[in-house]
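Look at the two complexes coming up: chain A is in both, with chain B in one and chain C in the other.
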Partner chain A sequence: MNKTQKIEVGMELLRILAGLAIAYATALIILFSISQEPVKIIQLFVAGPFSSARRIGSLVNLAIPFTICGLAMCFMYAVNKFNLVVEGIFMISACMVTWAALSVAPANLPAGVMVPLMYVVAIATGTLVAFIPAILDRKFKANVVVVSLMLNSIIGFFCTWILRYKIKDSSISFIGSKEIPESAQMASIFGKFRIQSGLVVALLCLVVVSVLFYKTPFGWKMRMVGANPNFSKAVGLSVVSVSFGAQLLGGAVAGVAGATEMMGNYTRFQWVAPTGHGFDGLLVAVLARRNPVLVPIAALFLAYIRIGADVVNTTGDIPTEFVTVVQGIIILLVAAESFMAGTKNRIIFKEAEKDLKAKEAAKAIA
Partner chain B sequence: MADEVLRMQDITKIYPNGFVANKDITFGVGEKEIHALVGENGAGKTTLMKILFGMESCQEGKIFINGKEEKMQNPLDAIAKGVGMVHQHFMLLPSLSVAENVTLGVEPMKHGLFDFEAAVKQTQEIADKYNFNVDARRKVADLSVGQMQKVEILKALIKGAKILILDEPTAVLTPQETEELFEQLMKLRDNGHSVIFISHKLEEVMRICSRVTILRHGRCMGTHDTKDLTEASLSKLMVGRDVVLKIEKEDPTAGKPIVEIKDVVKINAYGKRVLDGLSFTIREGEVVGIAGVEGNGQTELSDVLCGMGGFATGDVLLNSGSIKGKSVRDIREMGLAYIAEDRMVHGVAADLSIKTNIVADRFDKKEFRHGLFMNSKKIDEVVDGYIKEFEIACDGRNQPVRMLSGGNIQKVVVAREFTSGANFILANQPTRGIDVGTAEMIRKTIVRKSRTEGTATLLISADLNEVLECSDRLLVMRKGKVVGAFPKANEVSEETLGEYMLGVKEMTLEEMEGLL
Partner chain C sequence: MCFFKKAMRTAIMNINWIEFFATAVRLATPLVFAALAAAINSKAGMFNMGIEGMMLCSALGAVIFAQMGGVWVGLLGAVLVGLLSGMIISFASLTGKTDLYLTCIAFNLAATGGTVFIMYLLTGEKSTTSGAMRAYEIPQVSIPFLKDIPFIGRVLFQQSLLTYLAAFAVFAVWFLLKKTRIGLRLRSVGENPKAAESVGISVTKIGYIAFAISGILCGFAGAFMSMSWVTFFMKNMVNGRGYIGLSAMNMASANPVGAALASLFFGFSDAAATTLKTQSKFPTEFLEMIPYVATILSIVVINLIRIVKLRRVEKGSAVTAK
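What follows is the complex of A and B.
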C-alpha cells in the first residue's frame, strides 16, 4: 500500500466511526433532554444491553437476522440494484416454512430431515419471489426499487391471507398459526444466554457469502458489474445475467433469514405485516460498505442500539422510536460518501507536498 | 508588449489521488495576443485552464484579470469575468439548434418565454461579425465537427468573453478546417480578444502564436517569444528530449484474411447511416490504420467489431466465423482483443484492483480456477508477471486502478488485451491522452505483435502521426465509408490525407481495388 492508499483506507474507517459517534452522541443528547432522570437513562442505554445474560442473548439473537438480511442485501448492493424485496421475502419465507412444516407434520419427520427440508422450502421461496422484480428489471427495465416495494405490500397481504385461511389456529385468542412441529423448532444454545441456534446458520451464511464474493468467479463478476457495467460488458460479461443472478442469490439468502427467524425464535407464525428486517438489512449492508465480511459487525452495532432502546423503554420513560432518529443519522453520514472528503483531500495534499519536497531535496543532493 | 489582461500566479493544484498536476505555475497573457500553452500529455495544461475557468479549485495561487485579483468560483463566474472556454470535447446539445445552443444561459425572452427568432438574430449577428459561416437554425447534430467548434466559440463570444481558451482545438479538425479556424482566431485577436491556444502541434503554435508558455510535468518551463524559437528547440523544452517520430519496421507479410467486413450498414438512433456499406479486409500480420475526422463512423465501426453495438445489414467474419448476433464474450473467444476508446468507461473498473482488471476477461477460464474457486496463487503469479513485463508503475497488484496515472492505467488495459491470445487487435485511440513513453511502448508492441505473432490489427486513431507511423495499409473514413486507401501509410503526406478526410477528394472503388 502506498501513502495515498493508506490515507484513503484510514479515512474511510474514520469516516464510518465518526458517523457512528455523531449518531450515538445525538442519541445521548436526545435522551438527556427528554428524560426526567437523564443520567440513569444514559447508563441504561449504554450499558443496558450487557446488563444480563438474557439481554446479551437478545442482542445476539437480534443480530442474527440482521446479519443474514445484511448479507442478502450485499448481493443486491454489489450489482447496484436496490432490490428491497428482501423485506418481503423475510416474511413470506417464514410464512411458507410454517405452512410447509404444518403440512408435513403428520409424517413425523425427525429434526435432522425436517430442518434441512424447511431450508429448502425457504431458499426456493426466496429465489422465486426475488425472480419477480429481477425478471421485470431484466426484460422490461422496470425500476427495481418501485417494483420491489410494491411487491412487499402484496406479499404482506398474501401472507396474512395464508395465515387467516390456511394455517390459523382457531383455539387461541390472538391471530396466529398452529404451532409448528417440534422437529422444526430449532433449540436455543448456550444455556442461560438463550441464543438461538440460528447463530450457526448466520455464521455459515457469512462464510459461504464471503467465499462466494471473493473466491469464486461469480463473486468477481458481481463486483465487476457493480464497479463498472460498461467495462464489464466490454470484457465479455453479460451484465444483465450477472445482476439477475445476484438478485436471485440475494433472494435465496433472504429466504434463509426468514426461515431461521421463524424456526429459531417462534413456535407460531403471527406476523400480519412486513417486519422491517429487509430495511435493517439494507442499513447493515450500507454500514458494511457492501463487504460481507464486515456485515456481522454492523449487525451487532445495530442490534446493540436497538436493545439499548428497548432497555430504556421498558425501565425508563423513553419511547423506542427515538432509535429511528439515530439510525437515520447513521445512514446519512455513512452513505454520504463526501462526508469528510475535504479533510481527506487536505491530508493527501500535505503528504504529496511532503513527498515532493523530499524528492527535490534528494535531487539537490544528487 | 501590450497590457497584460490575464496573469496566473504560482498556481498549485494537487488532485485527491495525490497527483501533482500543477506546481507553482506563473504565466501572463497580453491584450490582442494568441498565447500558446504547450506541453506533453499530462503536463497539466488542461488542469491549469480548468482552474482559470472555475471548473477546478487550486490549493495555492492567484488569478489576476486586468490587474485585479479574481477568484473563479465556477464556470458561470469565470464567464462573467470575461473568460470563455472551448473544451476539447464539445459541450453541445445535439438535438437543439445552433441558436439555442449559443444563447443557452443568456436566452432572449419575450413574455416570459424563450424567443427563438431573437436568438437566431443574435446568433447570426455575432457570427457575421466574426465571419463565422454557420446557419443559426440548423440542428447541431447535423453539423460537421468544424462547425460545432464554431458554435462553441460563438457560445463564449456571445457571453462577452475577452479571453478565449481553446483546448486542443485542431485535434479534431482536418488541415483545411484548421486553416479556417486560424483565420478566425487572428480576426478575433485583431478585434481585441486574447486567445489561449493549447496544442501539441508545434508548427501551428509557431504559426499563429506570438508567445508560448511551456509546461512539463506540472511545472512551468518558462514563456518565450515564438520568433526566438524553432520547432526543434520548442520540442526540446517540452519533453526534455528529442521526440522520436519514426517506428522502425520491416514490410508486413500479409497472410490469410482474419477480419472480413462485408458491406456493413449501421443506422443510428437519429436514422443516420453511420456506417454506409463499409467493406474491407484485415489480414494476418498487418496493421490497418483508419484515419478520418472523428465522428465519421470510426466509433461505430469499433462498436460493431467488438460486439458492443449491432448493425443493420452486411456481415463481419472473424477467423471465418460471422460475428452477427454474437455476444462480446463469443467474439472475444473467436479471437478479438479490444483496446477501448474511452479507457475509464470501457477499459477498466477504476475502483477495482490492478489484478482484477488485468484478468477481467479470463478469470473464469479453467487455468485460473480450482474447481469452483479462483486459483489466487496462479492469478497473482500471472498478474505480477504482467506488471513487470508492461512496467506498470504501482504499489502492487491490489492497488485500485484509479490511483494510477493515465499512462499506467492504459498499461493495465494493454497488459490484458495484448496477452489474451487473440489474433485480432482492435485498437481504438490506444494512446490518447497518455505520456510519450507509454504511447511509444504501445505502438511498438502493436507492430511487433503483427510481425512476430502474425496478429491482425485495426488501428483507429485521431492522431495522424500515429496512424501514419504505425500502420502498414491506411484507409480514410468519411461519412461511414472508405473514401481513400493507401498501400503504404508512411508514404502518405498529411496534406493528401486531409483532402480525403475533408471530402475534397474521393477514390473510386476501382482505384482502391486490392487495397480494401
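What follows is the complex of A and C.
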C-alpha cells in the first residue's frame, strides 16, 4: 500500500463515520424538536437499546437478517446492478420454507435432516427468483431496477395467495399459516439474551461470502466488473455473465436470509406484504462499501438505530418511521462521492508536494 | 379450468364497458404525468427512479396545503413539493455526485417513511388522513356539446381537470423538447454531455432544470392521487405508479406522445384489475398482479422488438458494405 492509498482508505473511513454522525445528529435534532420531553426521549433513543438483556438480544436478532441481506445486496452492488429482488426473495423464501415444512411434516424428519432440507428449498427459491430479472436483463436488456421492483409487488401478492389458500390456519383469529413442525424451528441460544441460532448461519454466510469475494477468481472478476466495466471488457472478461452469476448468488444468499428469519424467529408465516429487508440490505451494503467483511458492523449499527426508534416509539410519542428518513440521509451521505472529496484531494496533494520537495532536496544535496 | 372460464365469462358480461373505459382514462392520468416527467429526465440523459417518491411527497403536500386555503392552494402546494423533491434529488446526484440509482432508491425510501412520519405529526394517524383532514377534490369538468357524444363523451369529456391538463402537458412537453432552445440543450446533454460541455452548455444546470420540470409534472401527478383519484392521503398510495410511468416512458424511448399512449395502456391494465376485483370470484391476489405483470411483459416485448430491429440494421449495413 503506498501513501496515496493509505490516505484514501483513512479518508474513506472518516467519511463514513462523518456521514453516520451527521445522520445520527439529524435523528437527534428531529427528536429534540418534536418531542414534549426531549431529554428523556433522546436518552431512550441513545441508551434504550442496551437497557436490558432482552433488548440487546433483540438488537442482535435484528442484525442477523440485516447481515445476510446485506451480504446478498453486496453481490448486486459489487457488479453495479441494483437488483432489488432481495426484498421479494426474503418474503417468498420464508413462505416457501413454511409451505415445504408443512408438506413434509407427516414424515416426521429429525431436525438434522429437516433444517438442511429447508435451506435447500430456500436457496433454490432464491436463485430461481433472482434468475427472472437477471435473465431479462441479460437477454432483453430490461431495466433490472424496474423489473425487480415490479417483481416484488407480484411476489407480495403471490405469497399472500399461498398464505390464504394453501397454508392458512383457520383456527386462529388473525391471518397466519399453521405452525411449522418443531424440527424446523431453530432454538434460541444464550439463555436470557434470547438470540436466535440464525447467528451461526449469519457468521457462516459472512465467512463464505468474504472468501468468495476476496479469495476466488470469481470474486476478483466481480470486483473488477464493478470497478471498471470497460476495462474488464477490454481484458476479456465477460461482463454480462459475471454480473448474471453475481445476481444469482445474491439471490441464493437472500433465500438463506428469509429461511433463517422464518425458522429462527417465527413459528408461523404471517407476512402479507414485503418486509423492507431488501432495502435494509441495500443500506447495509452501501454503508459497508460493498465489502462483505464490514457488513456485520453496518448491520449492527442499523439494528441499533432501529431498536432505539422502537424503544422511543413504545414509551414516547414519536412514530418509528422517522428512522427511514435517517436511513435515506445515511445512504446519500455515504454514497456521495463529492462529500468530503475536496479535503481528501487536498491531503493527497499536500503529501505529494511534500514528497516532491523531499526528492528535490535530496537531488540538490547529491 | 372450467370454473376459471365460467368465472371470467360472468365477470366480463357484468362489466359496464363505458365506465370501464372512463376508469382507464382516469387511472392513466397520473401515469401520463409520471411518464412525461421521466421523459424529460431521460432526454437529459438521466434515468429518474425518484418519480415514485416525488409523487408520494406531492400527494401529501396537496392534502396539507389544501387545508390552508382550498383546493387550488393544495394544487400549488403539490407542485411546490414536487419541485422541492426534484431539487433534493438533483442536488444529491449532480452536486453531491451520488450514483443516481442509489439517490433515487434512498429518496423513495425516505419518502415512504417520511410521509407517514409527517402525517402522524399532523393528524396522529399512521395509515390515512381521511378521517382527520378535510377532503378537497379537483373539480370534474364536463365539456359542453362534446360530452353528449355517445360513449366518447363519457370516456373522454367528463373527466377531472387534471386529466385535460395531462393531455395538454403531452403537447407542452413535446413542444418544449422539440421547439425551444432549452429543449435542444436538454437533448444535446442527453446525447453527449462532453460535446455539450465543450460548446459551453452547463451539464449540471441543465440537469437541475430537467429535474425542476419533472418535479412540477410529478406535483400534478401527486395532486391527482390525493385530490382526484381519492380525496385523502394514504400510506404508500402511489404504490408503484411512478415506476409504471417510468416503464411507459421507457417503452416509447422517451417520446412524449408514445409515452402517453403507453400510459393509457397501463391505465387499462390498472382499470382491468380494479374492475375485475369487484366483479369476479377469482382470487383477488392474481388480479392485483395484472398491472405489474403487464409492465414486465411489455418491457420485454418492446426490448425484444428493438433488439430484432437492431440486428436487422446491423445485417443490412453488413450487406451494403460488401
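What we mean here is this: the second predicted complex is superposed on the first by the 366 of 366 C-alpha atoms of A that agree within 3 Å, B and C clash if a C-alpha of one lies under 4 Å from a C-alpha of the other, contacts with A are read in each partner's own complex, and residues count from 1 in each chain.
What we mean here is this: a contact is a pair of C-beta atoms (placed from the backbone, for glycine too) under 8 Å apart; a residue touches a chain by one contact, two chains touch by 3 or more.
Here the structure is a predicted model, which means the values were calculated and not measured.
Novice: Just chain B (first), just chain C (second), both, or neither: which does A:164 touch?
Specialist: The answer is second: A:164 touches chain C but not chain B.
Novice: So in the superposed three-chain picture, is A:322 touching just chain B, just chain C, both, or none of them (first/second/both/neither)?
Specialist: So A:322 only meets chain C here.
Novice: Looking at the overlay, what does A:232 touch: chain B (first), chain C (second), both, or neither?
Specialist: In the superposition, A:232 touches chain B alone.
Novice: Answer with first, second, both or neither: which of chain B and chain C does A:149 touch in the superposed model?
Specialist: Second partner only.
Novice: Which touches a greater number of chain A residues, chain B or chain C?
Specialist: So, of the two partners, C touches more residues of chain A.
Novice: Counting contacts the way the document defines them, which residues of chain A are shared by the two interfaces, the one with chain B and the one with chain C?
Specialist: Shared contact residues on chain A: 341.
Novice: Quick one: in the complex, what on chain B touches chain A?
Specialist: Listed in rising order, the residues are 14, 16-20, 23, 59, 306, 308, 327-329, 331-332, 338, 340, 345-352, 356, 360-361, 363-364, 369, 372-374, 376, 395-396, 399-400, 403, 416.
Novice: Over in the complex, which chain A residues touch chain C? Could you list them?
Specialist: 34, 82, 84, 136, 140-143, 145-147, 149-151, 153-154, 157-158, 160-161, 164-165, 279, 282-283, 286, 319, 321-325, 327-329, 331-332, 335-339, 341
Novice: Would you mind writing out the residues of chain A in touch with chain B in their complex?
Specialist: Touch list, chain A to chain B: 1-5, 211, 215-217, 220-221, 223-224, 227-228, 230-238, 341, 344-345, 348-349, 351-353, 355-356.
Novice: Chain A touches which residues of chain C in the complex?
Specialist: Per the stated touch rule, the residues are 47, 49, 92, 95-99, 101-103, 105-107, 109-114, 116-117, 120-121, 126, 239-240, 243-244, 246-247, 250, 283, 285-286, 288-289, 292-293, 295-296, 299-300, 303-304, 307.
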